[in-house]
C-alpha cells in the first residue's frame, strides 16, 4: 500500500516538476513573446497542480497531517495567472502598435481588427455601457 | 523513493528557474522579461512546496499561498506601467 | 515595581500618546493640538526633572520592559548620564516649542507637532535604552522624525539638502545593523550590560571581530555626531532647514556623542582585550580636525545659519576631543561641555531665526543691510550667544573650555589639544566678530527698505531663555560640574551598571 | 564684603544702565559716576592695614572642580590699580557727559564703560588666576564694544575687531599660561601661587608658562609686535581712549607682569624677553609717535612707548626698577588721561585732530592750552612734574643694566627713547598751542564747559602733585605696591625732583635738549622721512585677514559643497578603512570551526539568479524600468532563501514588502526620467566600483566569519524556552516581536507612522509652487494605451478583495502561533486595497474607502501604547503581556492575549502608513495626469 | 563542495558591492536602487548571524531543541519594516525634490535637459 | 433581512470554504469565526463590487468546472509535446477573434480566464465595444473551428451559469 502511495506521490511530484521545467523551456525556446506566453501556463496549471496534489497526498498519507493550503494556492493561481497573461499580451500588443524597437513581431503577425469599425481595448478607449468599460464608472 | 523524486523534482525546478533567468536577461521584448519574471514567481512557489515536502514541514505553505496571491501584483504593475505610465489613475 | 520606578517610562509614554492625540486634534481643532503638544513638552520636562532627582542618589535603575528579565527583554536604564540627557532634551524642546509657537513656524507645513513629539520620543528612547538594537530602533525614530522636521516648510534648497541628509543617514543605519549583527553573532546578546560582560570573555580571534564591530559603531556614531570626515552632510542640512528645527537638532549630534560615551567604556572598556578602547586612535585626530573645520567654517560662513551650523560642528569637535581621551576626568568635562554646547548652538540658531525674520529680503546673509527693528536687542543676544559659543567669559563656554583644558592636560597630546581648543576659540572669536559687526553694526544707508511684517518682542523670549540657562550653568558651575563628574564616575565604573541591569547574583 | 561690593558695583551699574537706556543722559551719568565714586569710597574705607601688607580677602567657592573660585583680595598693588581705575573712571564719566553729543546713546556707552570698569577692578582684585582670566577676557570684550561704539564708522568696526582679535587671542594664550601655572604651582589661588616661585622656576614648563603669560600681557599692553591694534582703537570716542587705551586697560598687561613678578621674574629668560621687548617697544613707539599728525595717533604711539618703558622696567627684575615702573604707572595714567581729554577737547572744539591744521590755540582756549602744555611736559619728562621723576628713575636703572655683556646698549637706547619722547611731547604742545593760529573747521574755538575741562584740571593737578610732593601723595602706596610686586619688604623710596647730578640727570638733559632740537628741525626731518613708506601694520593685518578669510571660505566651500556623492563616498571609505583596521588587528583568524552546510542545487541555482540579477541591476541601472524588474528577482530569491533557511515569517514579510516597494518605485518612476544620461566619468566609476568591491569583500568576510563560528549561548534560548509558557505563543519570532521585544516593535511602527506623516507633509503641498507648475506642465514621456482599467484585471480584483482580506485576517490571527502576525497581515490588507487602486483608479477607490490614513496611524499607535500601559495598573512594567485560554460552549478552547491587541495596533499603523505612501503618491501622479490631459494618447 | 555559508556570504558581498556602487551614482533613483540592494545585503547579513539552519523554523514544540535562532529573524523583521518606511520616504522625497528643482541629480545641479526626456 | 445580511451568498460560501481550507481543520470555533467573516467581508467590500452578477450553482457550474479541468489536463500534454518536439518554423501560431455573446464583464472575464488557463490559448484583449475577444493560439490548424469549439464548449455553458 505504502509502495503504491509512494509511487503515486513520486509520479505526481515528477510530473509536476517536469511540466514546470517544460514550461520554462518553452519560455526559452519559443520564437517570440506571444508564443512564449504559452509556456508558463503549463507550470501554473498542471505543473503546480500535480505538485500540490502530490503534496496533499504526501502530508495526508505519509505524514498524517491534513494540509489543504495547496488547494488554495491553486485557487489563487487560477484567478491570477490569466490576468497576468492578459496584461502581458496587452503590453506586447501596445509595444507592437507603437513600434517599440525591442518588440519583434510575433510569428502570428499583428492582430486583425475586430469587426469593421472598432478596435481592441489596448488601442482604443473602451466604449461606455459595454462589458469592456465596466470599471470606468 | 519519494525523497529521490523530490530531489529530482527540485533540481528540475531549479533548472527551470535558471531558464527563466536566461530569458529575463535576454529579453528582448519587455513582455518577454515580464513573462520570465512571472514564471519565476510560479517556479518559486513550486520550490517552496518542494522544500516544504522535503522538510516534512507545512509551515512554509503560507509563503507559497501569499506568493500565489500577491505575486501577480508586481507583474500587473509592470504591465500597467508600460501601458499607461501611471499605475494608479 | 514601585510607582516611582514606573516614572522611568514616562519620557517614552508621554510623547507616544501626545503625538497621535495631537495628530487627531490638529485635523479638527488646531488650538487643542497645539495645547496638547505644549503640555506634552511641559510634562516631559517635569518627568525628566523628577528622574534627574531620582538619579541623584547615585543608584542606577533598570526598568525591565514587559517584565522580562535582562538580558532577555529590553531594559531601560536610568543613571546620571541618561538623566542629564533627558533634562537637556526636555528643556531644549520646551524652549524650541515655545519659539515655534511664537513665530507660528508650526503652521508652515503639515504635522509639525506630531513630528516634534516623535522626535522627542526618539531622543528619550535613545538616552534611556540599555539595549543596542533598541538603540538602533530609537535612532531610526529620531532620524525619521528629524527628516520630517528638517523638511518642514519645504522649498527647493531644503528638499535637495533633505535628500542628502536622509540618504546618508539611511546608509549609516545600514552600518549600524552590520555592527550590531557582528556583536550579536559573536556574543549572542544585545543587552549592553550583557555585551560588556560577554565581550570581555571573547577569545583573541573573536575580539578582533568585536574590534571591527566597535569601529563600525564608531563610524555610525561619528556620522550622527558629524565627525570629520563624516561631517559633510551637516552644514548644508542645518543651514537649509528652518532655524527652529536646527535649534532642536543641536541635540542630534550629541546623540552620537552620547552613544559613544555610553557604549565605549561599557563594552569596549579595559576588559575587551584587542577591542579595548578601539575608537580612541581614530577619534582623536578626527575630533581635532572637526574642531578646526568647524571654527574655520565659522570664519568662512556667508550666512548666520551656516555659521551656526559650523559652530555646532566645532563645538562637537571640541566635545569629542575630551571624549576621545577616555578618562573619567575628560568625560566629566565633556558632559558639562555637551550640555553647554547644545544650548549655545540652539541659541545661535534661534538668534539667526529672529534676525532673519526682521531682515526681510536680506535674510541671514552676513552682509550689511538697513537698520531693522530691535537690532540692538537682537545684537545683544547675538553677542551673548556667540560669547557662549566660542567659550569666552563670562558664560559657561569658558568654564567648559577651562574644564576641558584642565582635564586633558594629562594626555600625551595635551599641547596639541590645548592649541586646538584655544586656537579655534580665537578663530571663532574673529569669525563671530566679523559677522556680528556686519549684521548689527554696519548699516547700508541707501539700501532698499526692508519688507518685513511687524515683529513681536515675544520672539526674543526663547533665545533669552537659552542664554539664561547658559548663565545659570555658569553661576551654578560648581553644582553643574559636580553633576558632570558624578555622571562620568558612573560611566567609568561599569560594574555598577552591570549589577543594576543584570543583578548582583551573576 | 567690601571686596564683593567693589567688584559687583560696576556690574550692577552696567546692568542698570543697559536696562534703562531710555532714561535721560543725566541719569545715566549719575549712575555711572555714582558707581565709580561709590567704588572709590569703598576703596578708601578699606582698612589701613592693607597698605601695611595685611591684605583683605574674600573666598567664595564657585566651581571647585576647576579651582575656579570667587576669590578676591586687596593688597597694595591691587589697591593702587583699583584706585587708578575707579578714579580715572569717575573723571572720564564726567568728561564724557560733556564730550558725547546730545543724540548719542549714553546709556549703551556708559553701560559698556562700567562693564569694563568692573572687569578691570576684577583683574585688580582677583586672588584666583582663573577668575582673573574671566575678568581679563571681559575687558577685551567691553573694549571691543566701546571701540565699535560708533558702529556706522568702518574704522571703528575694523578697529574693534582687530583689538578683539589681538587682545582676545593673547588672552587665550594667557588662559593656557595661567592654567599651566596653576597646575605647576598646585593651586589657582594667586596668594598661594606667589609663594611657589621656586617650584615654578624649576619646572620644565616654566618657559612655556612664561611665554604664554607674556603673550597675554604683551598683546594687552600693545608691546611690539602686537602694538598695531592700539592706534586703530583710537576710533573709539575719546573718553574711551583716555580710559581704556591709555590709563587702564592697556596697563593690565603691565599689572599682570607686576602681579606675577614673584613667580616669573628673575630668570635670564624673563630679563631678555621682557626687557628687550619693552625697550624695543619704547623706542619704536616713540619714533612713530613723532611723525604722526593725528593727535590721537600721536598719543596712541606715545602710549605704546610709555608702556614699553614700564615693561622694560619690570623686565630689569630689580626692586628699584619695579618701584620705578609702579610710579610710572601712576604718572602715565595722570598725564596721558589728561592729554587724551585735551586732544578730545581740541577735536570737539575745532572739528579736527590733524595737527597740521591746528596751531596757536593758546590764545583762543587758554585753559585748555595750559593744561595740555603741562600734561605734555609731564610726558616729556620735564620738571617739576611727576613724569620727570619716573623718567629719571628709569634712566637711572637703565644706566646700570648690562644687556648681553654690553654696558652701553641699554643706557644709550633708553636715552634715545627719552629724547624721542621729549620730542613728540614738545611737538604736541608747541605745534598745537603756539605759533601761527590755525583752527581747523571751527572759526572761533573756545574753552569747553566744566564737565569737559574739570577732569583734566584734576589730572594735571595730580601730575603736578606727583612731581612736587611725590612722597606725600604716592610714597607709601608706591612703596607698598612695590613690595607687593617683588614679594619682599617695602623698599626705601626717595621720590624727589632733585637727586643731585648723576648719570640719569645728564642723560635726561641730553634727551630734553636734543628733543627740543628735533622739534626745531622737525619740518626738514619729516620731509626726509615722508618718502620712506613705513610698513602699515593695519594694512598687513587686513590683507592677511582678508586672505585668510578668502582662502578658508574657498576651502570650506569646496569641501562642503553639498555633494551627496561625496558624503557617501566618505562614509563608505571610512567604514571600509575602519573595518580593515579591525580585520588586520584581529589576528587573521577569519574562518571558525563550525561545520558548513552543503549547498543544494536549488540553493546554487537561486544564488546564480541572485548574483546575475544584482550584476544586471548594476549594469542596467540607467534603464530604470529594467533595473526594477531585476530588483524583483532579488526579492524573490531572498524570499526563497528565507524559506530554505527556516524563516517562514521573514519569507512572508519579504514577499509582501517586495510587492509594495515595487508599486512605490513604479509610482515614483512614472514622474521621473526613465533613462537619464550617464553622469559620471569612467575613472569615477572605476573608483566607485573599487570601493564597492572592497565594501562587498568586507561585508562578505564578516558574514563568513560569523557564520563559521559556533554559537555562544544566545539569549534567544531563553526566548525559545519561554515563548509558550511565558508569552503564550509558539511562533517564537512573533512572540519576540510582540512580547519579548515589543518595545522595538512599538518603535518600529512609530517609524512607519512617522514616515507616513512625513510623506503626507511632503506631498500635500506638491501641487503648489515650483513643483505644482512642473506637475501641470508635465507631459507624458511614453506612448500610452488609452485603456485605463483593463476589464479582466478589474473583475479579478473584485473577487480578490474579500479573499485577500480573509487571508489577511487568517495570517493575523494565527501569527502568535504560526508564521504571520500583524505586520504581514496589514501588508496583505494594504495590497488588497492597493489592487483596487491599481485596477479601478484613484477616485473610484478613494470614495469607497471607509477610513483615512491619519486616524489609522494615530489609533494604531494609541492602541499599542495603551496596551502597554495596561500593565501599569497591575504594578507591572510597561508592555507586560498577559494571556489566557478560555472555553466557550460549542466553540471550544481559544486564546486571548494582550499581545494580539498590541498586534492590532501594529496592523493599523502599517495599513495607514502604506496606504498613505502609495495613495498620496499616486494622487500626485493624478494631478500630473490631469495637468497633461491635452497630451493624452500622444504618440499613438 | 560549495557550502551554503559561502553562498550567503558571497551574496552579501555582491549585494553590498552593487549597493555601494549604485549609491554613489549621481541620480536619486539609482541611489534608491543602491539603498535597496544594500538593505537586502544588510537583512541577509543580520539573518545570517543567527547561523544557517535548514528545516527548523523557530516554532516552539516541546522537546524540540534544534531550531533556527528566532532573535535575528525578529531583528530582520524589524529592519525590513524600518527599511520600508525609509525607502518610501526617500523615494517620495527624491521625487518631490525632482518636481521642485526639475533635476533628479543628487547634488542639485540643474539639468533641464532631463525634464520630460523620452524613454 | 437575509438579503441584507448576505448580499452575495455565493461569495459568502466561497469565503467560508476558503477559511476552512486555510484553517486546515474543521472545528466549531473555526466554523463560527469563518461564518462571521463570511458575512462581514462581503458586506464590507460591497461598495467595491457594484452590480454583482447572479450565479447559478449546480450542475451547470459543476459541469463547466469538470470540463475545464479535463481540457486543461489534455491541453497540457498537447502543448508539452509542441514545446518539446515541434520546430519553431512549423509552429502554426495565430490570432483568433472570438465574437462573444456574454453580457456581463464577470462572465466575459471567466471565459477569457478559462481560455488562458487552457494551455495553447491566451486571451490577449477585448475589443473596445466588448463584443470580441482576441485570443492567441500557439498552434492551430483551423482557426474557425477552434473559435467555434471555444464558443460551444465554454461560452454556451457560461451563459447558463451567469443568468
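Assorted remarks:
Note that the chains are named A, B, C, D, E and F in the order they appear, and that numbering of residues resets to 1 at the start of each chain.
Everything below uses one rule, namely that contacts are C-beta pairs under 8 Å (C-beta built on N, C-alpha and C of every residue); 3 or more make two chains touch, one makes a residue touch a chain.
Which chain is which protein? Per UniProt: A = Na+/H+ antiporter subunit G; B = K+/H+ antiporter subunit F; C = Monovalent cation/H+ antiporter subunit D; D = Monovalent cation/H+ antiporter subunit A; E = Na+/H+ antiporter subunit C; F = Na+/H+ antiporter subunit E.
None of the values given here were measured: they were computed from a predicted structure.
Leaving out chain C, the touch network of the other chains stays one piece.
Taken together, chain B (K+/H+ antiporter subunit F) and chain F (Na+/H+ antiporter subunit E) share the touching chains A, D.
Pairs A-F and D-F differ in how many C-beta pairs touch across them, and the larger number is found at A-F.
Greatest centre-to-centre distance from chain D is found for F, with centres as Cα means.
Overall, the chain located most centrally, as judged by its C-alpha mean against the mean of all protein C-alpha atoms, is C.
Per-chain Cα centroids separate chain A (Na+/H+ antiporter subunit G) from chain B (K+/H+ antiporter subunit F) by 11 Å. Work out the mean CA point of chain A (Na+/H+ antiporter subunit G) and of chain D, and you get 69 Å between them.
Each chain gets a centre from the mean of its Cα atoms; for chain E (Na+/H+ antiporter subunit C) and chain F (Na+/H+ antiporter subunit E), those two points are 39 Å apart. The mean-CA centres of chain C and chain F (Na+/H+ antiporter subunit E) are about 62 angstrom from one another, to the nearest whole unit. Residue numbers of chain A (Na+/H+ antiporter subunit G) whose C-beta contacts span two or more other chains: 23, 25, 37, 39, 44, 67, 69, 72, 76, 79-83, 86-87, 89-90, 92, 94, 121-126, 131-135, 137. Shared interface positions of chain E (Na+/H+ antiporter subunit C), i.e. residues touching 2 or more other chains, are given as 23, 28, 31, 41, 45, 48-50, 54-55, 57, 59, 71, 78, 82, 85-86, 89, 93-94, 96, 100-101, 106, 108.
Within chain C, contacts with two or more other chains are made by residues 133, 137, 140, 144, 147, 151, 154, 156, 160, 163-164, 167, 171, 178, 181-182, 184-185, 190.
Chain pairs that touch, as defined above: A-B, A-D, A-F, B-D, B-E, C-D, C-E, D-E, D-F. Listed in rising order, the residues of chain D touching chain A (Na+/H+ antiporter subunit G) in the complex are 783, 785-796, 799-800, 803, 839-841, 844, 939-940. For chain A (Na+/H+ antiporter subunit G) in complex with chain B (K+/H+ antiporter subunit F), the touching residues are 6-7, 9-11, 13-14, 16-18, 20-21, 23-25, 27-28, 32-33, 36-37, 39-40, 43-44, 47-48, 51-52, 54-55, 58-59, 62-63, 65, 67, 69-70, 72-73, 76-77, 80-81, 83-84, 87-92, 94-95, 100, 102-104, 122.
Against chain C, the residues of chain D that register as touching in their complex are 18, 61-68, 108, 130, 133-138, 141, 144-145, 148, 151-152, 154, 157, 160-161, 164-165, 168-169, 172-173, 175-176, 179-180, 183, 545, 548-549, 552-553, 555-557, 559-560, 562-564, 566-568, 570-572, 574-575, 578-579, 581-583, 585-587, 589, 592, 699, 702, 705-707, 709, 711-716, 718-719, 722, 726, 739-744, 746-748, 750-751, 753-755, 757-758, 760-762, 764-765, 770, 854-855, 857-859, 861-862, 865, 868-869, 871-872, 875-881. Considering their complex, residues 600-602, 604-606, 608-609, 612-613, 616, 625-626, 628-630, 632-633, 636, 639-640, 642-644, 648, 651-652, 655-656, 658-659, 662-663, 666-667, 669-670, 780-782, 784-785, 787-788, 790, 793, 800, 803-804, 807, 811, 818-820, 824, 828, 831, 834-835, 837-838, 841-842, 918-919, 922, 925-926, 928-929 of chain D touch chain B (K+/H+ antiporter subunit F). Taken in their complex, chain B (K+/H+ antiporter subunit F) has these residues touching chain E (Na+/H+ antiporter subunit C): 54-57, 59-60.
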